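I've put the structures underneath this note.
One chain, chain A, appears in both complexes that follow, with chain B as partner in the first and chain C in the second.
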Partner chain A sequence: MIMLFVVFILVKALPGDPITVMYGEFDPPPEVRKALEERLGLDRPLLVQYMLYVMRILQGDWGKSVGTGEEVLRLVLRRFQATLELAVASVAIATFIGLSLALISAWRPNSLADKIIRIASVASYSIPVFWWGLMLILIFAVYLQLLPPGERGGLKHLILPAVTLGVVSFGMIARVSRASMLEVMTHDYVVAARARGLNEVKVLLSYVMRNAIVPIVTIIGLRFGVLMSGAVITETVFKYPGIGSMIYDSILARDYPVVFGGILFVGIVVMTVNLLVDILYYFVDPRVKLEKTRV
Partner chain B sequence: MKSWTYLKGLARIAYTNMRFLKALSGDVTTLIALSIVLGTFFAAFITTVLLYTEVVSESLYAGISLANRLQPPSLKHPLGTDHLGRDLLVRIIFGARIAILVILTSVTIAVVLGTTIGLLAGYIGGYVDLIVSRIVDALMSFPAVLLALAIVTVLGPGLESVIIAIGIAEAPIFARLSRGLVAVEKENLYVEAAKAIGASHIRILVKHILPNIAGPLLVQATFTSSSAILWEAALSFLGLGVQPPTPSWGLMMAEARAYMRVAPHAIVFPGLAIFLLVFSINTLGEKLRDLLDPRYRALMSKS
Partner chain C sequence: MKSSRLTYIALVLVAVVIIGMVGYFYFLRAPEAPPKVETPLEETPVTFKEIDVLKISQRADLSTIDVQVATDAPTLSVLGHVYETLFRVKFDETGTPTFVPHLVESYTKINDTLWEFRLKSGVKFHDGKPLTAHDVKASFERGPQVGSLPRILLGFIEEVQVVDNLTFRLVLKYPFGPMIAHLSHPSTAIIPAWVAERFPNAPIDSTAYIIGTGPYRFVEYKKGERTVLEVFADYWGRKPTVKRIEWVPIPDDSTRVSFLEAGTVDIVTHVPPQFVNLLKDKGFQVVQIPSVRVIYIGINVERIPDARVRQALNLAVDKEAIVKHILEGAGSVASAPIHPSVFGYSKQTPYQYDAAKAREAIRAAGWEGRELVFITPQGRYLKDREIAEAVKAYLEAVGLRVKVEVMEWAAYISRVTTQKDFDLFLLGWSTVTLDADYGLYSLFRSGAPFNRMQYSNAEVDRLLDAARAESDLAKRAQLYAEAQRLIWQDAPWIFLHYEDIIVAFKPKLVDIEIQPIERWILTYAMVREESR
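On to the complex of A and B.
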């Protein structure tokens, strides 16, 4: 029910007169416009139009590509596999780097290592994604010739784009995790555990980490949305055939059904991930009561 | 008597500002960041003045000299030249204009649009608040860049579209933030007092509540500025933003991309410029947040 409402709002949020879009630069003659309006149901009240659109989307009718005539939904799903691989790989990289750095940082706050890590974290989310991608191509593909500069095919092709996105995303994860861990560390049970002589690794991993996990999971979930946006640019730089490069190519080709289909799909995916994160709370932290988790 | 209180108020403002500046200049990173941001503003200002007074003409950064194309950094061209023989340093300095223009305009759009909606929703409450909050939630869960892409697609490429797109895409954050702040703030006694002496709703909102919630909004505006630069660069890089020959850092990289193998400097330096500016703004934003966060301030004054 919430999903349906969100889709409804989304469709509303995407402006543009379909007939003008169909005709591109030219203005169609009035009688043609009228006929088209009737055929597409554009003369009906707005609310009815939106309901019909929502129905069509729900039934899987996302329209056809203007360029190739392919069903948009099929095209989107095919491209999405590639993007999903990229997203999962870079989330994994970002989480690994982010959590490790946060642990080191929180272990001895205000130490030199902590200061360097904090600067590195801010640097991480200050990097222009496309520039970073091009730099990695320059170093690893052009000069060292270790990795392919782009396109898809096997693990080797995934490394550069995934590292590009991972490095751009770890900073926010590291920052939030550090803050969350520091907050947890002030609690008595951590002090008690240390006083009992438990070794530091065990204190950090099983006492601090477990209790600091909720904000961390939230930020990783939220970063997923940013990541999907970053994927649009990263995929373009690496000519990686995911949903991002599809949206970009379609903007250039003025293939609007594909553009909006792609955007809508990514939006739905991101919202689903956000929803999953909310549900996940319940499992990672039994303290969270379900009625407290507001979307 | 009256002038005395006025003077005391002035002294107080000066004092708090001094503490503020002192805290800002506390560490080296912040100081460097501050000078980079001020330097960029200065570059944007000077280049704009020079262009308007016609001391220099557009040919300084747009003049083509094919004999000098793709030169590596040298004494004559400290950062080298691009594929049309234009000096990169000059173009990067003039590129600051676009960066600053985008910050000032798009962030203003986002702040004004978002804060107005948020203020009203939070102040009125009830059904209005409920409906507005749902819409804002829906927009927030939708990646801002995709929203921006959708807007640019509809409006067509160009600097104006990019500014409008970023402004609209970033507005929901301000709406949610200000809505939450107002909802808490309006319960305060001073609001009731203002109501009791017959102040109008608009007066209460603008004169009483807004100044009290300005801090967090300012911090958010700082972070929004840095993401605005990143997205302008990205959209220009994709060819959807600033059009040639105007130098924008993102566009410069797009142009240099084809010559990446022979002239890497043409792509390294504009990217470095973006990175440094965004990094500096983010660093200042973090500092600002620490300073304005009451919990942090309480901690500082105790020690």
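On to the complex of A and C.
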């Protein structure tokens, strides 16, 4: 609610309003301005506008887009579903690549493979998203014509944007995981496990991975949270109708009901994801359980 | 330690080289032009096939769903397939417009301020109701209430009188030369009377009320994703050859072009000039025609009252260079405040780029070293920001200081409209009625709504008023010529250029009508097939 209030004030403070934008180069007729301001409640004091908005939200009325009359809740839900699909797919890709590379890195630190992986990880989050996106479009959609260049509609459409986001996200996951695993590897129980002659795969997966998992879950959860609020650039490059580009476009059009509805929804989702990650600790880290029972 | 650092550097270099090569191969290397095979025409029988789904991508989504409120070309192009006007404009190969009756069967002039029109019979709205004179009356009464464009376009009408179901009369406030041109503009489209009465003073707020008489019904709208039109079975006119049109807004230029290259869409509009050759080489059809949109830098006359200074500003800017290098040829230098294809256009002597003369004039007027505030939008017009930066450099080269403020559109237009705290502003204006009245009256008449320069010249006012009321075409043209001469001399603008329209589409598409008023009509598009 506080967040929504801040956004409310900030967006309203922007010069320009939805009515001006709708009329382009022209001035809207004054009577229309008046009628629309009444319809949108723009003629009331800011605080009253905010209270009314919250009241309506609580009653389940998210309002309509100013220019085109689309129901905000329906719009937000549709866009969010697209964002969710993209976030899940790209986090899955990033986690798979990131963890696999981290395992190889941690298994033989400072080897050539490790160095390549470390450079790749840095490159992953240094290379601009739009560049990756355009490259993938050019290669797979324009030259090879294997995949559609974007939009939504089935798995085929999801591949390119998900891979793009996956590629830019795996680096962080790989680095954090590698660091966390290396730290765990110095522990006595890993040395002991190896000394007992357990095979290396088992050591890595059950001993190292298991104990290094908390920071890994944290970073994956954070990444997921970020992606849930939309990936404006990726969405723009691929013309993928996610929630990020929806909010961005509506800010430009000063389409207040859509901006507020979108941000409110994203806020709720991000909070929920963070809560879920916290709950997840309980399952992956036995210490969380123990401390609770002790208290 | 040293060797590991070397390995690092080596790996980084390898990575850079790989990235560079990928970039070179996929970005810079222009694909070779496909070999052109000359085939004698008579040996290839050509057939034309109708189209089930045609996908077109414009730069912007619908800004509103109300045809009487809409002011922007992308929205009016979509709604132009749904709604129809009393008259319509057609262009010949040279781009010369003619106006022909459309929903109107016949019309007669009773006297200078009274006209009688008869509607075609058998025209139906998408809700099945027949078009009547009552719908015309309701549309023309609502239009000026809700829309800025109809307010200008229909401002000459005193009253609409319904004679019978298909006959109506227009009582004019004054004799009005450009009447037919105005009644061809999409903003004067006819909507059902019951919709007009339901939304008397506010925009339509649900797609359920998008009901016209046009060849297409409005069937789906998803904000930012797509707008779908489907052919209207009971359409009165020639049967459309395209069954379904999907409009996909893609604001990003590279993405829009790549959608065409990948075959995801059939047509893209607003193609940036740097992609023209690439697309042509790949076999796409690229149509580049001059539009009626003039791009100008308005001068706040209240803050720069000295006409010599304003003329010097015009001399200081090299328009040729802007068109050639910034627009990459996608435009032509303006030779009047309105485009040559507009009725009433009169060619002026361009302000030839002459920095020395401009500097001298600025110095003589005591303006040297003064700071000008120049506001510009970004992304609204072709290369708007780049043009502003260039103009800044030109003006600074003649002894002025310029502060450019780049603003996003909503903030920009609200500032241009409500405040006068700037000296220069960049805007565009399309004379979409193709008549000088629209391109001059609203912009240069004292106190006119879009005279944001606050320009005022009593003689210009007199000429524009007289031209409006004159029904003799030759006399009207003469009045406009004189008005343009004075405006050009007073220089309330830095007259820049006319923008080109660039549209690209798939190799075999034919009969796509691209109008210089930035409208594309897809109703009768077909696919050309050559079979041996």
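In the analysis below, the second predicted complex is superposed on the first by the 221 of 295 C-alpha atoms of A that agree within 3 Å, B and C clash if a C-alpha of one lies under 4 Å from a C-alpha of the other, contacts with A are read in each partner's own complex, and residues count from 1 in each chain.
The rule is short, and it goes like this: contacts are C-beta pairs under 8 Å (C-beta built on N, C-alpha and C of every residue); 3 or more make two chains touch, one makes a residue touch a chain.
The structure presented is a predicted model; accordingly, all values stated were derived computationally and were not measured.
J.: In the overlay, work out which of chain B or chain C sits against more residues of chain A.
T.: C
J.: Go through the superposed model and pick first if A:Asp249 touches only chain B, second if only chain C, both, or neither.
T.: A:Asp249 sits against chain C, while chain B stays out of touch.
J.: Let me test your reading of the model: by the given contact rule, A:Arg178 touches which partner, first (chain B), second (chain C), both or neither?
T.: neither
J.: Would you check which partner chain A:Val270 touches, where first means chain B only, second means chain C only, and both and neither mean what they say?
T.: It touches chain B, and chain C stays clear.
J.: If we overlay the two complexes on their shared chain A, which of chain B and chain C does A:Tyr125 touch? Say first, second, both or neither.
T.: first
J.: Look at A:Leu134 in the shared chain and tell me whether it touches chain B only, chain C only, both, or neither; answer first, second, both or neither.
T.: A:Leu134: touches chain B and chain C.
J.: With both complexes overlaid on chain A, does A:Arg223 touch chain B (first), chain C (second), both or neither?
T.: neither
J.: So, A:Ile116: does it touch chain B (first), chain C (second), both, or neither?
T.: The answer is second: A:Ile116 touches chain C but not chain B.
J.: Hey, what residues of chain A end up touching chain B and chain C alike?
T.: 14-16, 119, 123, 127, 134-135, 137-138, 142, 236, 252
J.: Quick one: which bits of chain A touch chain B in the complex? Just the residue numbers, please.
T.: The contact residues of chain A facing chain B are 5-6, 9-10, 13-16, 119, 122-123, 125-132, 134-135, 137-138, 142, 225-226, 228-230, 232-233, 236, 247-248, 251-252, 256, 259-260, 263, 266-267, 270-271, 274, 295.
J.: Mind pulling up the chain C residues that touch chain A in the complex?
T.: Interface residues on the chain C side: 4, 7-8, 11-12, 15, 19, 22, 26-27, 61-65, 69, 71-72, 144-149, 151, 201-207, 221-225, 248, 250-252, 254-255, 258-259, 261-264, 408-415, 417, 427-429, 449-450.
J.: Note which residues of chain B are touching chain A in the complex, please.
T.: 29, 134-135, 137-139, 141-147, 149-154, 226, 230, 233-234, 237-240, 250, 253, 257, 260-261, 264, 267-268, 270-271, 274-275, 278-279, 282-283, 286
J.: Note which residues of chain A are touching chain C in the complex, please.
T.: Listed in rising order, the residues are 14-17, 20-29, 31-32, 35-36, 39, 64-65, 67-70, 75, 78, 110, 112, 115-116, 119, 123, 127, 134-135, 137-139, 141-143, 145, 148-152, 236-239, 241, 245-246, 249, 252-254, 258.
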